[in-house]
Amino acid sequence: MKKKVAIIGVTGSVGQEFVVSLNNHPWFEIVQIAASNKSAGKKYLESIKDAGSGIINWHPASPIPEYVKDMTVDKVEDIKIDNIDLVFSSIESEAAREIESKFAKFVPVISTSSAYRYDEDVPILIPGINDEHVDLIDVQKKNRNWNGFVAPIPNCTTTGLAITLKPLYEQFGTNKVIMTSMQAISGAGRTPGVPAMDITDNIIPYIPNEEKKVRIETAKILGKINEGKINNANIKISCTCTRVPVIDGHTESVSIETSKPIDPTLVKKSYEEYFNDLNILSLPSAPPKYYEIHDEPTRPQPRIDREINDGMTTSIGRLEKEIIFDHGIKYVLFSHNKKMGSAKGAILLAELLYKKGKI
Amino acid sequence: MKKKVAIIGVTGSVGQEFVVSLNNHPWFEIVQIAASNKSAGKKYLESIKDAGSGIINWHPASPIPEYVKDMTVDKVEDIKIDNIDLVFSSIESEAAREIESKFAKFVPVISTSSAYRYDEDVPILIPGINDEHVDLIDVQKKNRNWNGFVAPIPNCTTTGLAITLKPLYEQFGTNKVIMTSMQAISGAGRTPGVPAMDITDNIIPYIPNEEKKVRIETAKILGKINEGKINNANIKISCTCTRVPVIDGHTESVSIETSKPIDPTLVKKSYEEYFNDLNILSLPSAPPKYYEIHDEPTRPQPRIDREINDGMTTSIGRLEKEIIFDHGIKYVLFSHNKKMGSAKGAILLAELLYKKGKI
Amino acid sequence: MKKKVAIIGVTGSVGQEFVVSLNNHPWFEIVQIAASNKSAGKKYLESIKDAGSGIINWHPASPIPEYVKDMTVDKVEDIKIDNIDLVFSSIESEAAREIESKFAKFVPVISTSSAYRYDEDVPILIPGINDEHVDLIDVQKKNRNWNGFVAPIPNCTTTGLAITLKPLYEQFGTNKVIMTSMQAISGAGRTPGVPAMDITDNIIPYIPNEEKKVRIETAKILGKINEGKINNANIKISCTCTRVPVIDGHTESVSIETSKPIDPTLVKKSYEEYFNDLNILSLPSAPPKYYEIHDEPTRPQPRIDREINDGMTTSIGRLEKEIIFDHGIKYVLFSHNKKMGSAKGAILLAELLYKKGKI
Amino acid sequence: MKKKVAIIGVTGSVGQEFVVSLNNHPWFEIVQIAASNKSAGKKYLESIKDAGSGIINWHPASPIPEYVKDMTVDKVEDIKIDNIDLVFSSIESEAAREIESKFAKFVPVISTSSAYRYDEDVPILIPGINDEHVDLIDVQKKNRNWNGFVAPIPNCTTTGLAITLKPLYEQFGTNKVIMTSMQAISGAGRTPGVPAMDITDNIIPYIPNEEKKVRIETAKILGKINEGKINNANIKISCTCTRVPVIDGHTESVSIETSKPIDPTLVKKSYEEYFNDLNILSLPSAPPKYYEIHDEPTRPQPRIDREINDGMTTSIGRLEKEIIFDHGIKYVLFSHNKKMGSAKGAILLAELLYKKGKI
């Protein structure tokens, strides 16, 4: 018996990725889909069709699964809570807080929205990176008197940074992080998203709120849970987030100061030890390899590395000592913002929570 | 009477910019042009025409000046040294060292090549930034028993960094610099330059030798000259140079540690004091403003800011305190690699040297 | 005494081009600017500032003229009709019909909108191409009992086609036209315009309504006026309009069948005779050359040819006999959709009408 | 027992696609690989590594098959003719003529080069489109006294055009074709290929020799074989080939005149009848569907449609009556230049020839 899933915000760009990534899922099956009132009552295929032009606004590379085309899009309030085991939410953040709480009273809600990320009793989870934070879910349920809970994934720019920092933070101590991101246009969604007029042959050196999110979320994810509370990691994180003319996948140039001596060989060893026996690697949506280190200096590259393991592997290159710190390392990472950093990452999280008996 | 100028490497991308930027110059006139043996003997227009397709390989936005079209391209060895006052050289670095020295025995050579940049008695000059290093030219002439000299401009990625660091280094002390660049494809030249297959929808996180150049050149430019020697600035500079799908202009994300307290207001005041009475601003190729600070967080942007003052102004934005250092500042700069960072910057340097009686 | 001008729709992309192109205009001065109620009451600079991010949404390459920054944006209904001689309108087509007629009762309205283009008593004017259609303005005024009138320019894709067809139609007879366009993203405006997600590394082979507009407008522009009526040209026009990843400027691949024998040499002669003594070439916004024929097969190219004469020159290349017709010619044209095909073309039209005493 | 295959030109862009598409092939196995003397003697992985930078110049999306990495690249003259059953050749056209003939004396040569395409006794083959031309191979062998033969595929721009024309030509008669192509940058190869400086934000309206190839090849492919000779189809074909900033896949805007009445419904029926029982659809490299007609007007689009069936399906959209002809139809087609139009198309051809006992 598969767990019954509802998707909220199913017509949007992330919602569509949920539809694709849940197709033929061994543990989860979509039983209800919901979106804004504008779409409600229509068949899914109709709901993503532009009324004027008849154009189907479907964004993923894979086609719409046949059985979904004919599913009716419901209003959010028409989701039959008794009939579902789990909600995937990708609604816009302003509305998210209220809507997600309505469901969390009864069932688990896995969310790509930032609505609850900064609440004390809400963990921001990346499978394999801070699994012990799952314990905070029980605190949350108790605090709020909920039968379900809200479990958000981080912002897509945080994901790759937190993944690559984790083993180093644990083993070498990480005091300072400076990061410059070169983020893909798909990170801004598609309706309307980034206008082509703004980004063609151009860089926009600013993404509203992004830098703050990365700073707060990274420190929380790397934090330790203690007596039902997360103590944020004591790292200073500085970041500059830019938008570049790349379709999918975020590239980040990272420099870190560590407490202990570090060099590329030590990093490789550290990653190997940390990642190679991650037990999350047996989850259905997990990639065969969680990370990939490239010695070739021209990697990672978005157009090549976004394809690896369906976007679930974090790629690392340009590993070098960071000369401005007594102990430090610098590298360039690549993380797929629409896959590991979004819907498919959220499904991986659901799989983890399922394994842990939380769903 | 204008100074008589020869251009070496006149058929290449930088050579073409020399031709454009010297058109109707008040002090300099092109009297001879030279390139590789393959081009020698042809009219200029013919020399840049593709033999097979008949296509004119002319890259600048402005058209070829009429009088240049019919000039004959000479072999480098056929340049009549007695008839010229000054050489602009943009030849490939391997050949540059030998060729430039042949001319420097007799006349000043202003070069965009890196051939001599790292020699002890050769200054790397940016007008307004390290004019006192001009004194090294006399040392060079004496050392080498030359009547002329070689005066190179820096690598195009160094230019914007050194310009924006200079006032801060002087006033606040600068100990550490971390920089990530997002460099334009035009920086790699055009024959063949960056293949469209490699850079479309992509980032290449590596540019051979670039990072080393930026580190060494910046420290030298910010250094102090003392008894005929430059003592390099005592700064640790770390950089990661990437190529992005932008046609012209380099963007750099910069974080610096300073000795003294610093904040955006202090930076603005410092720049104002430093730049506003630069006497180089009266030179023919100097922009009306040497720098521009943007409060709007989305600036600088390559497509907008590259047009300002014909690419001779350095643009700065995203000024913020750098939180990872006790005292520090971070910003994003934009510098036009084909203008201030290349031929037109070299002409500005020639103008400075002319004013100072070195030409 | 300059003519007093109001701009309606001044905050949009075309409105901004009006502001730029009317700066220091010898005959026209902006005295009032209007936009939607959302903008009304604000200073111009404020009206184009994004409320959330503080970003200035200014699109032209040239900066905002200082005097305009502080002008107050009025509601459309607050324009003081007594104080103005002329209206430039760039409002969205649905609202345009009603709003433009309100003004046309009193003063001339030059419009970039399609609202009136297909009315029998409204000419679609391109200076130098169908100046005799100006006579229809008197018919229009009489018909509608207006003191002013509406004079629209054509769709930006029609402009280059009609200009290049006109001399050939007159001299050789043109029966059939097949055209495939490759249109710039700026043609779709910027708020939101074409999403970068849709057009990066892509072609969209369809632009709603565009093909119909080109067919109807071209036949009308080439038509003859007779007894106060335009008889559309008897040409079959087939077109396929596509969107390509180019920022500015439309490229069109054109094949035509003519009644009489034709070849590239005859076309060149025909163009020379037709265009070289156009009296509109003395108007302030007219380019020094109305067209440019390239023998080099790689021209026209958007990135090079959009800069020529500030976008007011139509470029033509690849001139060859069209082999599928008994008599025919084929060519590729380039026309700047934001300049000759938009605001600056509308100003050129206003200049023509001023010269002819209609304004 | 699989047929033993040698690949000539294995280091180039097309050669690499051969390697990928022959991986785990049920009928063919790579036993020898050859390239220019520069590469000869090296392991394959070394042969595609840039000597200076150490960068691996591997272009396909799929990784290099492990067993190929260690294969030694031989000189062309060192291929052991006795040990192979078949040669795939993707060498540059100038050398191709001589080299391919050396092999064709002994074994079949399937070629992507144009060297032999225009010889009278050489068919240009597209499986399913002109299979009866396979008979010309026997004529060729007899004429030239060869044990093997040369069988070239067409130019990548011809492929989609010939495929979409074939059923219409047979059923409705096709007299005239006008085509404008918008071709991907990958069509020009990668070393150096199209410089990013030339094609970013640009269109180049000319591809040397391309238009002539399309005209001649299309007429030959649609021709009838009679008594060992192909009588070219009696069609006038006019084309304009342009390069656009798209990575992979050629888009073509096509208008045709037919002898008999035609409309979109008739076209769909005609395609269905023609393609749906093609017996080539059972070949290993054949797609499940040979063509796809889109009713949605925004299709085909390169970024979406290039992924369908690994690039082996031709996509068609914008089907409409062509109004300039008495009887005619217009459409936009998309064909993957690196898949169906190149190496994988050549392998499909080899599979057909194998089935027909020619290999």
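Remarks
We call the chains A, B, C and D, going by the order they appear; numbering starts again at 1 in every chain.
One rule holds in what follows: contacts are C-beta pairs under 8 Å (C-beta built on N, C-alpha and C of every residue); 3 or more make two chains touch, one makes a residue touch a chain.
Keep in mind that what you see is a predicted model, and the values were worked out from it rather than measured.
Common neighbours of chain A and chain B, by the contact definition above: C, D. Chain centres computed from CA atoms place C at the largest separation from chain A.
Between chain C and chain D the centroid-to-centroid distance comes to 42 Å (mean Cα coordinates, whole Å).
Rounded to whole angstrom units, the spacing between the C-alpha centres of chain A and chain D is 41. For the pair chain B and chain D, the distance between C-alpha centroids works out to 46 Å.
Residue positions of chain C touching 2 or more other chains, listed in rising order: 53, 200-201, 245, 247, 297-298. Looking at the complex, you find that chain B touches chain C at residues 53-56, 61, 200-201, 296-298, 304, 307. On the side of chain D, the complex with chain B involves touching residues 52-53, 59, 185-186, 190-201, 208, 245, 247. Within the complex formed with chain B, the chain A residues making contact are 176-178, 180, 182, 200-206, 236-238, 240, 242, 244-247, 251, 253, 255, 257, 297-304, 317-318, 322-324, 330, 332.
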